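Take a look at the structures listed below.
You will see two complexes here that share chain A, one where it goes with chain B and one where it goes with chain C.
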Partner chain A sequence: MNRKWVVPTLYILFLMLPIYGLLSMSFKTTNEILGGFSFFPQQFTLANYIKIFTDPTWYNGYINSLIYVVINTLISVSVALPAAYAFSRYRFLGDKHLFFWLLTNRMAPPAVFALPFFQLYSAIELFDTHLAVALAHCLFNIPLAVWILEGFMSGIPKELDETAYLDGYSFPRFFVRIFIPTIAAGIGVTMFFCFMYSWVELLLAKTLTSVSAKPIAATMTRTASTSGYELGLLAAAGSLTIIPGAFVIYFVRNYIAKGFALGRV
Partner chain B sequence: MAIELDNVSLRVGAETHIYETSLSLEPGQFNILLGTTLSGKTSLMRLMAGLEKPSSGRLLVNDQDVTGIPVQKRSVAMVYQAFINYPSFSVYDNIASPLRVAGLPRNEIDEKVRSFAELLKLTPMLDRLPNELSGGQQQRTALARALVKGAELVLLDEPLANLDYKLREELRDELPKMFADTGATVVYATSEPLEALMLGGYTATINEGRVIQFGQTSTIYRNPDSLTSARVFSDPPVNVASIDKRGGTAYLSDSVSWTVPARLAEMPDGSYTIGVRPHHLSPQGAGVEVSGEVQIAEISGSESIIRVIVEGNNWVSETHGIHSYEFGQSASFFFNSSRCLYFDVNEQLIETQG
Partner chain C sequence: MVRKSTNQKAWLLVVPVLLLVAFNAFIPLMTVVNYSLQETFGDNVFFWEGVTWFEAVLRSERFHASLLRQLMFTGMILAIEIPLGIAVALSMPRKGPWVSVCLVLMALPLLIPWNVVGAMWNIFALPDIGLLGYSLNSMGFDYNFTQQPVSAWMTTVLMDVWHWTSLVVLLCYAGVCSIPDAYYQAARIDGASSWAVFRYIQLPKMKRVLTIAILLRFMDSFMIYTEPFVLTGGGPGNTTTFLSIDLVKIALGQFDLGPAAAMSLIYFLIVLLICWVFYTVMMRNEEQ
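Right, the complex of A and B next:
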């Protein structure tokens, strides 16, 4: 008898359990959640979602988050592309050390950087802007992007570059017309990881904003408001934060394994 | 175009990849760089292409110094051992790319691409991506791109090494013909002496970063000017032994001796080296008889390759027909003493007369 399905099914079941818990809570009222555990919503309600989509303090959180995440992803990838190219193609003094130490910024917890960033951004009036968060996240995402892209670029033989030069391509033309399309998959994977790290990062985003660029993660993690506990609402907000990630994963699903296989993620 | 290396050398860090080399290639000539892996064939090609800047010396194209001129401004095309194509371009766009960069009109590009695709049997594949092609087709695409450009210098770096046997034979036939019409100076690197012989043209034997000898392929094969050149241009390796010349007689050992040919007779007595090509050493026939202990006999097609120890030297005999031997069996082999190569103490050839 074929029982190959057992283990994957259990795996997926356990994996989905917390997400199901969140989803089911989002369709309950706060009173029901506090009242006791039930597997299905007893009084099914869409009120939580309606509230999020109609109340600007809620939906602006999503918009703010998306804005700084997109800005960050674009900055990270466009800065990392030439850097990764240099690391993969040229030998220079201390290149290997520099490449490794790119990752040091990922070794410290973000909390370490929160205070200096806060002071700096307050001084140059970047505090509470989307750019502030986007730039702060570059601290983690640019090294990561360089690291991932370098892996993909090193998989492309150097002879490709030379063939292009022999064919008469100038460096910029080669880079844009030939090289970037060749590593498109790598760029996709890199963008995905930049997007995800920036999307889920809470501490810096929360510290560097107050009102006008407040991210959803900050809105979502306030447990109590003036109207008391709003657990149903928080669950609905949480469920919605999963959607962008799932959406991005769908586009890079075929390449993501390659990113992991390169050992760079 | 005529290309000349004038005392060119290449050092990378503390290592010398190419020692001072001078080499002059005539326009429209088919040239072969023959040497083992890491002998410096690729480095020489990269110097000719301008991909590598020489550490010393000059590179002259049609008597003009081009050292340091960027590759984009030179009329050079190169095909590598690994099939290099632009992965995101279709076969058509791959072939068209050098023409597009040069800014040719659209209809002219189309005409050229289609005619070269036809020549290289790529017409049905024009819309495919390189990754969807077989190795042979990928290399044909790379060749088409090198040809379409009409470059005056075409560098082929072991272009057939990664192809399977049948395709290699087929392309090896076609290659010199394709380039003969274009008038381009072709440089072809290979590590296989037999391939060099089949391609003809001119050959430079290369060993450890030095050009040993340059001239017509058949001349180089018949008259290698040094032992190194003979070693490079022989597969299986040339059989070498030292002999002692006393009077008019050469002694391989006390029991094996023969009358030396005229060219050696004029030389003073002393120690010399002989080189016997494997196919000149045969188990039957006449000439100098040597006996040896057979190590292994391999059969390759209708030929036998017999490895034998002769007077303490590892020798190989390549001979027609199938011969079987036991391990350790002693057997007699014969070679023609006037046809073998004689080298002096400096491993330089003692010239054949005429």
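Right, the complex of A and C next:
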């Protein structure tokens, strides 16, 4: 009677096909790849992965990316928390304009900012550091974090704050001891989104780094253009970038849907 | 909604966000404004040009062409992703062990770095050795996305559908899940058709999340750069050169800073204008 599962199954199959293509290519030798199409790897090899895990230019790319993503997530969420509280609880001069202005930065195409960012971060001598990328990604992640957190906080009745103040809590103590635990799910979801957008962005990350903080994405594009047609290696590097994402989704899986509904995103 | 009280001290809580975002937004934006009004031959020597660059960009056929391609692309992906997202969300299980599996698998494309998405689709669509390209060609279709504009467009749109439909699904799913069972029971008692259930119960509940989905998809598709750049490089010819790709070509490829800056500002203003309309609509919905 119930044939509803067909649509999601087909959809998931469609999602998995390109990923499977990438995975299967990462286990093939270059000769086999260029020799023609095969659904399963004929000469199964781990050489591509071994190369990535033994060559510092490759594995450092992953480490660099993870470092700036974590720094960015921490900065974004910690400054967005008080701001989101202010937006959700108080009216103040210019609040609506400020909220929209924040949002406009989420709308700014990174291509517009690539060159000025390069000049700005070179001028303050942060070029090619993890901090530069982390700060640059704040441009779109802080507005997003404020937006999501504000949505979550607006769902919490103000009586909570008032009761706490009556009980003699100061604002910082109330915020850390009561409010933050109450919106823990919202913070988790926000961190997920900050992680996501910082992890997937390439244009700014590539523009702001050259050697010591080069993200994996940039290593991939540069290797693709210099070493010719090493598709297997590229596929292996690509497959590995999926893992952190899959790992993070697993932890927030029960909150994604709930989070989407509560926070406005 | 929380009732808000007026408190000017709330500004203090906003200051850190303001400083960080202003540092990242004001200084670069002013740099762009500077470039857009001047001509430079290097060595930090600038000549005042006024609005010359803006006029040049607004008149240039190249800009019109990329803007048109951009609008077509955004229109196409919205027309596919929104209905598809709604359809998948409505047919997903509401409870049981499959919910987690569906959510994790569907969210997966959202967390893949954009250049990997491009590279993955490039590999997937290669005419002779990729899964999609090989299958299409062996089924008798003449398909080669590096040479045929139509194939390139199809592949780019399909890639974006693959990449972002899940966002719409997740948002709509959250909307559908927030409908109490009692609504459905009432509908069953009234003998409502499944279309009526969709039109009068599910769609209104999804209205808010749908607005957000459309806003997000509009913004992100309008500034798309990495995925089509890695997939097709804007080619064949200029057929998949969207606004951002064109902008980067002018700014970093040809180093024409003046026109690039003027184009940046026009580009940004277009996005702002459309988003402002969305935002106003959304806020009005929320106040109701």
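The rule is simple: the second predicted complex is superposed on the first by the 252 of 265 C-alpha atoms of A that agree within 3 Å, B and C clash if a C-alpha of one lies under 4 Å from a C-alpha of the other, contacts with A are read in each partner's own complex, and residues count from 1 in each chain.
The rule is short, and it goes like this: contacts are C-beta pairs under 8 Å (C-beta built on N, C-alpha and C of every residue); 3 or more make two chains touch, one makes a residue touch a chain.
Predicted model only: the values in this text are computed from it and were never measured.
Under the clash rule set out above, the superposition-derived model of chain A with chain B and chain C shows the two partners fitting side by side. In the superposed model, A:148 lies in contact with neither chain B nor chain C.
In the superposition on chain A, A:14 makes contact with chain C only, while chain B stays out of contact range.
After overlaying the two complexes on the shared chain, residue contacts for A:34 are found with chain C alone; chain B is out of touch. With both structures placed on the common chain, the touch criterion links A:182 to chain B but leaves chain C unconnected.
When the two complexes are overlaid, the chain among chain B and chain C that reaches more residues of chain A is C.
In the superposition on chain A, contact of A:85 is made with chain C only, not with chain B.
By the touch criterion defined above, A:169 reaches chain B but does not reach chain C. Shared-chain residue A:160: touches chain B; no touch with chain C. After superposing both complexes on chain A, the closest C-alpha pair between chain B and chain C lies 9 Å apart. Note: residues 157 of chain A belong to the chain B contact set and to the chain C contact set alike, using the contact criterion stated above. Taken together, the chain A residues at the contact with chain B in this complex read 157, 159-160, 162-170, 173, 178, 181-182, 184.
Within the complex, the chain C residues that touch chain A are 1-11, 13-14, 16-18, 20-21, 23-25, 27-29, 31-32, 84, 87-88, 91-93, 98, 100, 102-116, 119-121, 123-124, 128-132, 134, 162, 165-166, 169-171, 173-175, 177-178, 208-209, 212, 216, 219, 222-223, 225-226, 230, 243-245, 247-248, 251-252, 257, 260, 264-265, 267-268, 271-272, 275-276, 279. Taken in their complex, chain B has these residues touching chain A: 49, 51, 70-72, 76-78, 80, 82, 84, 86-89, 97-98, 101-102, 142, 145, 149. Residue ranges of chain A in contact with chain C, taken from their complex: 4-8, 11-12, 14-22, 25, 33-34, 36-37, 39, 75, 79-80, 82-83, 85-93, 95, 98, 100, 102-117, 119-120, 135-136, 138-139, 142-143, 146, 153-154, 156-158, 196, 199-203, 216-217, 220-221, 224, 231, 234-235, 238, 241-242, 244-246, 248-250, 253-254, 256-261, 264-265.
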